[in-house]
Amino acid sequence: MSQNIKVNPEVYSFMEKKTGTDNVEVKVNLSKEKVDKINEICNMFDNEPRELINVLHEAQHEFGYLPAEVQDVIAHNLHISVAQVYGVVTFYSYFSMIPKGEHPISICTGTACYVRGAEKVLEEFKKELNIKVGETTSDGKFSINCLRCVGACGLSPVVLVGERVFGRVSPDGVKAILDEYRK
Amino acid sequence: MIELTIDKKKVQVEKGTTILKAARKAGVEIPTLCHFELCDMGIENKPGGCRICVVEVEGRRNLAPSCITEVQEGMVINTHNIRVLNARTTVLKLIISDHPFDCLVCARSGQCELQSLATQFNIRSLPYEGEQSRYRKDTSPSIIRDIDKCIMCRRCEMMCNEVQTVGALSAVNRGFMSVVAPAFEMNLEDSPCTYCGQCLSVCPTGALTEVDHTNDIIRALSDSSKTVIVQTAPAVRAALGEEFGLQPGTLVTGKMVSALKELGFDYVFDTDFSADLTIMEEGTELLQRLKAYLAGDTEVRLPILTSCCPGWVNFFEHNFPDLIDVPSTAKSPQQMFGAIAKTYFADKIGVNRKDLIVVSIMPCIAKKYECQRDEFKVDGNQDVDYSISTRELAAFIKEANIDFLNLPDADFDDPLGESTGAGVIFGNTGGVIEAACRTAYEIYTGKKLENVVFDNLRGMEGIRSAKVDFDGIELNIGIAHGLGNARKLLDEVRAGTSKYHAIEIMACPGGCIGGGGQPYHHGNSEILSKRAAAIYTEDERKTIRKSHENPSIIKLYKEFLGEPGSHKAHSLLHTEYFPKSNEVTLHLNGEI
Amino acid sequence: MSKYKMHILVCAGTGCSSSESNLVCEILIDEVERKGLGGDVQIIRTGCFGFCEKGPIVKVLPDNTFYTNVKPADAKEIVDEHIIKGRKVYRLLYTDPESGEHLPDSKHMGFYQKQIRVALRNCGTIDPENIDEAIARDAYQALGKVITEMGPDVAINEIKSSGLRGRGGAGFPTGLKWEIARKNDADQKYVVCNADEGDPGAFMDRSILEGDPHSIIEAMAICGYCIGASKGLVYIRAEYPLAVKRLKIAIAQAHEYGLLGDNIFGTDFSFDISLKYGAGAFVCGEETALIHSMEGKRGEPTNKPPFPAQSGYLGKPTNVNNVETFANIPVIILKGAEWFSSIGTEKSKGTKVFALAGKINNVGLIEIPMGITLREIIYEIGGGIKNGKKFKAVQTGGPSGGCLTEKHLDIPIDYESLTASGSMMGSGGMIVLDEDDCMVSVAKFYLEFIVDESCGKCAPCRIGNKRMHETLKRITDGKGTQEDLDKLKNLSYVIKDTSLCGLGQTSPNPVLSTMEHFMDEYNEHVIDKKCRAGQCSNLLYYVISEEECIGCMACLRACPTHAISGEKKEAHVINQEICIKCGACMEKCKFDAITLRSDYPRVSVPIV
Amino acid sequence: MREIKTLADLKKKQEEMRSRIKLRDNAENPESLVQVKVAMATCGIASGAKEVMEYFVDELDKRSIRAIVTQTGCMGYCYAEPTVEITLPGQDPIVFGYVTVKKAGDIIEHYIKEGELVDGIIPQNYNTIKS
């Protein structure tokens, strides 16, 4: 079950929507160990279809994202159709079928951050990295995502790089944040 | 009983009734869009998503969707005041604003429920234009998905998952981009789709349509070097008339044959003929297995499963690959016809098989895929070249400017046009097994079967079981229509708990009369029962009602095949099945 | 008995953790140990103090000193000066913005003066990872009282007569909800805690779960006992890792003590709680969508009835309450309905937690008795508008709510008056807007959120909100027409009237409410092509000052669209019809004569 | 292990645990409690303030007197160390000098419990010891 798939965004229209690039290289390498790991996760939840979302969380935690093959193995274990799994994966914004960057950047676009200028900060990140929201830079270093309210409204606008929180970020401060990770 | 007032009319209905149905009882028709029901089959789709059927309930803050709101004592309902009408029209305009405006060239034009509503609501402007959701068009051997036209009524999703348990489709994405699609928005061809076509038979718009082969047929008909012959499936004659305004259940066999001749087919044959042939082969196989079983052979696979429905064949190849040696190996009537036509008949008229074009008129969408299967090709030449649906035939007749209603009746041509009542009833659920019983009884017992009607095999329940007395030996027969029902029986077989000797399975609810290629029934299940009744009427009208008594069949065996189950019969009339994994196969234009 | 003479409480809520409060805490522990005070000084990580604006917060007891903005570098000083020498570190004390005085303790801070902390009673006081501290503060007493003394009917009655209403949005009476669930017979029932706080700008549920998880566990068990359920489920956002962690610890501790599990308090009542994770779908705050999501499906809502109390999780009767609602339960049981209903207004009893944010000095989490005015919240608790700007509006209720303006400043805050003012309580987000905020853009912001979060099931919400957002975008882009305003209104009414669930039924509220109170701003955008707040970049104009311009023609030559005209040595003029707002002219001008303005002198524009 | 099997178990547990956070409960309303401030600058510690403070903490607790014992910086009466400032609810603070453990006992017994003045009061200008 090990394969490298060059996904044609024509076929995977969701990718086209999310990335807009010509070709997305998705490396999928489902070794036996990985299949075993998915099976183990599914077993943890008794292979119950109603635990699908918990299973997907665990799987995404394990693999960083949810490639088609992972969803397929999950569907098989939970005795539900893979279309249903995909339907759930695409419904929830927390689940991703695209690997995130080495340093995933999340910009809070909750209301508090919005009124304190999160939009301009987001624009600056997009400009600086030359990618859109949901995309990963070609070197795989950064990806941009938006999230709604991390609950640190006192620090708004808030930006997360990985787990680290940057508060009161101004558009001018974007470059400094990135430079820290560019080294 | 609950009393309520709808548009100033008092009406009494039972508790649990929806406003929509109560209104119907009061003679008030409320427009609907996503709501869909085949009540006799217990099939209902009411996500409450389109919001077209909203009505005003006095005392309620917002409008109520009538299709899912249950009545309450003393409710006062207005179904068409200005608030309701404005809401409905606005919502409809919104739906249309996210729908392509290519009605003129849409396959569904004239039959489109969205279009009808736009007419009914007198929509003359589209004030809410904006971005439209755009998706890739996907063409499979049987079905075209043009989901730009999807209005998220979820009927197809319901059919595919709840009724058919195929699981090829699901709602995917969220919000404005949500749509019904296969996993990973892959091609339907790579999904576990069985091509049963139930999705498109309930689709209100042109989002799901069949692949149209009419133009290929026109090309063949206009090619003088080709001999073009046609076979018509049993269920077609019971439904074709509907497309020309005739009452459901009107048999139009003679007019259909005339029309096909007018269209220029060189020979008009009947799939009923090959249905009789199927009985000879499948019945023989059943008896062989049964005899072996009774003789104490523990290896023999019972129950035997019918195999004439291609949607069903796809289904078990996908979902029960471990059981592929259980179904009968007999080909479907369509393919038996093709095999005989391109050998026996081609020889008879002295035409090379490459110059003989075999067309089939089917109530079915899966037949398009079936005739393209590799097993049914000789050196790349298909036994059946093109399969078109009842709807496509009707459109073809209209396109050719044929005055169908005033056509004289005509008879099928010989030799592949002669059939018995047993072949006709293939179109109904339970029909194949009834036909098989008529023949198997006589062959097994050596006695004449006086009453050929097996009432206990007929009906519309999704799963039926009946006992048939074979002169002291009781045969347990199971019947399922709809793949969800089939799955239940198959799970029993897999678990080794099946009590049946033989099971008939049809993919579509009602059998072929409810096929994915039939005229749209728009949720009126009465249409299905009338078609079924018409099929039984045709059977009654036949003088010969047992397949093995069909003179052309007898002649075919004598002249060409030898015995049922002979080596030649096997090579031409039997097939094999291939397990299909439901695992994701990423056929991305060969880019793997 | 502990011999600790001093306690140092360090806020370990998400807000403060984000500004390194954990590091502060570690340094404090190190320093205290190093000075050999480990046995005298106890350092506790607590939940949120609410005063997030000035985080990280460190509180020193028993003298109740409240330190704000504590950096890791300050930790040593606190130990050296305050702990050892008994001298407060004045520079870290909160400075009253009016008097400029350092206030030594939180009691005297305006931020806390008007607050009554009921739901947040333990947040910032106890170590949320230590059940003993919770027990010391009455945790599980109410559960014991209900099970061993009151019985379900009396307890439900107590909740009913307390007047407690759902804190998650619509304000349905909690006791009534329980009663309905109790009356539905079934072999299995479920208690669900809705912790899928999705309102972008509200974080009280998270703070409660992080600061006082036992209160939720206890309340769920009480609910389970009352309605006859033995299973509890917490539907919690996966984006709340800290809350998840603390809840898990708390559940394990409660199990260990026998406060969850079989035969609680020696009775035959058994109760268990498991977690279900949300995955980033705002619509899952709606009960039916939440239940479908817990069942592993797409979080699409379904029609009500059937209500979850009749047919919910796995088709069984299910009672869904949100976190804040649950947090009130144990207090009501212990202190009585009468006490609870003495707080608040006639129809809205008790307190409400608000997440105060936006253009306000004291951003944070506040809990106020129902009925105090917006003015008190903004000017006394919130400390007024940031940077001395002019107050414009408060947005409450998040994407489902609306705006309150100057004229609403003195209405008492409760369910009814908020609804009557065209807003709603919602989950309790309270975003303060000042004169720099464009109300059309604010409406657009919420609509964008709704478009992102609409599940797509029903047509009016799926397409209608998209069209609303497109129309608002046209307006802020300066391309709006009078007709667009009419369309917005009609769409708003129809979407409210026809949408399937609460999300769609309330989604046009931000538009309707801003149109009601700020129609002049809409008109300015549409007719005058002007955004008075200067937020809409397409409605900003490059204008050449007649006084400053010396007529050097540098800008004229730089303009790619030849929008600038004027003779040499005479003031130039930009034709706004042709200007594409590239900014090239401004860059070229050496005399700072070109400025970006929200308005331009219309009469003097010559047609080229 | 299930510690709490009955409501009585829970109440017992609460009693045990209450002291752990008493400091915090009390801090909410210092005005209603007896406040004891022990000067714990270098001079104070050198003359035994630490022992005095511990004594106050233990003794007040033992006698179930709700009080807050805090340390404070040098009050400026270095000649009289250890010094202790006592504020009874609703009264002005009074500073005691040369407080030994024994003297502390007297203060608790007489001043805190009974409100009687004991020896060793340092007359003072209240304004200078604002904290």
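Order of writing sets the labels: A, B, C and D. Residues in every chain begin at 1.
Please note the rule applied: a residue touches a chain if its C-beta (ideal position, glycine included) is under 8 Å from a C-beta of that chain, and two chains touch if they have at least 3 such contacts.
What you are looking at is a predicted structure, and each value in this text was computed from that prediction instead of being measured.
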| item | value |
| --- | --- |
| Centre-most chain, if every chain is reduced to its averaged C-alpha atoms | A |
| Rounded Å distance between chain B and chain D, as computed from the means of their C-alpha atoms | 89 |
| Euclidean distance of C-alpha centroids - chain C vs chain D, Å | 41 |
| Distance from the mean Cα position of chain D to that of chain A, given in whole angstrom | 56 |
| Chain B-chain C separation of Cα centroids, rounded to whole Å | 54 |
| Residue list for chain B, restricted to those that touch at least two other chains | 171, 173-174, 177 |
| Residues within chain A bordering two or more other chains | 87, 91-93 |
| Per-residue overlap in chain C, given as positions that touch at least 2 other chains | 281, 298, 300, 452, 455 |
| Complete list of chain pairs which touch one another | A-B, A-C, B-C, C-D |
| Partner chain B, residues of chain A touching it in the complex | 3, 5-8, 10-14, 17, 68-69, 71-72, 75-76, 80-87, 90-93 |
| Residues of chain C touching chain A in the complex | 13-15, 17-19, 51-55, 198-203, 206-207, 238-240, 276-282, 293-300, 314, 355, 357-359, 363-364, 395, 398, 429, 431, 433, 437, 442, 445-446, 449, 452, 455 |
| Residues of chain D defined as touching chain C within the complex | 1-7, 10-11, 13-14, 17-21, 23-28, 30, 39-41, 53-54, 57, 61, 68-73, 131 |
| Sites on chain C touched by chain D in the complex | 1-7, 9, 61-64, 84-88, 104, 107, 125-126, 132-133, 135-138, 140-141, 144-145, 147-148, 256-259, 261, 265-266 |
| Complex contacts: residues of chain B adjacent to chain A | 135-136, 161, 166-174, 177, 181-187, 191-192, 582-584, 586, 588-589, 591-592 |
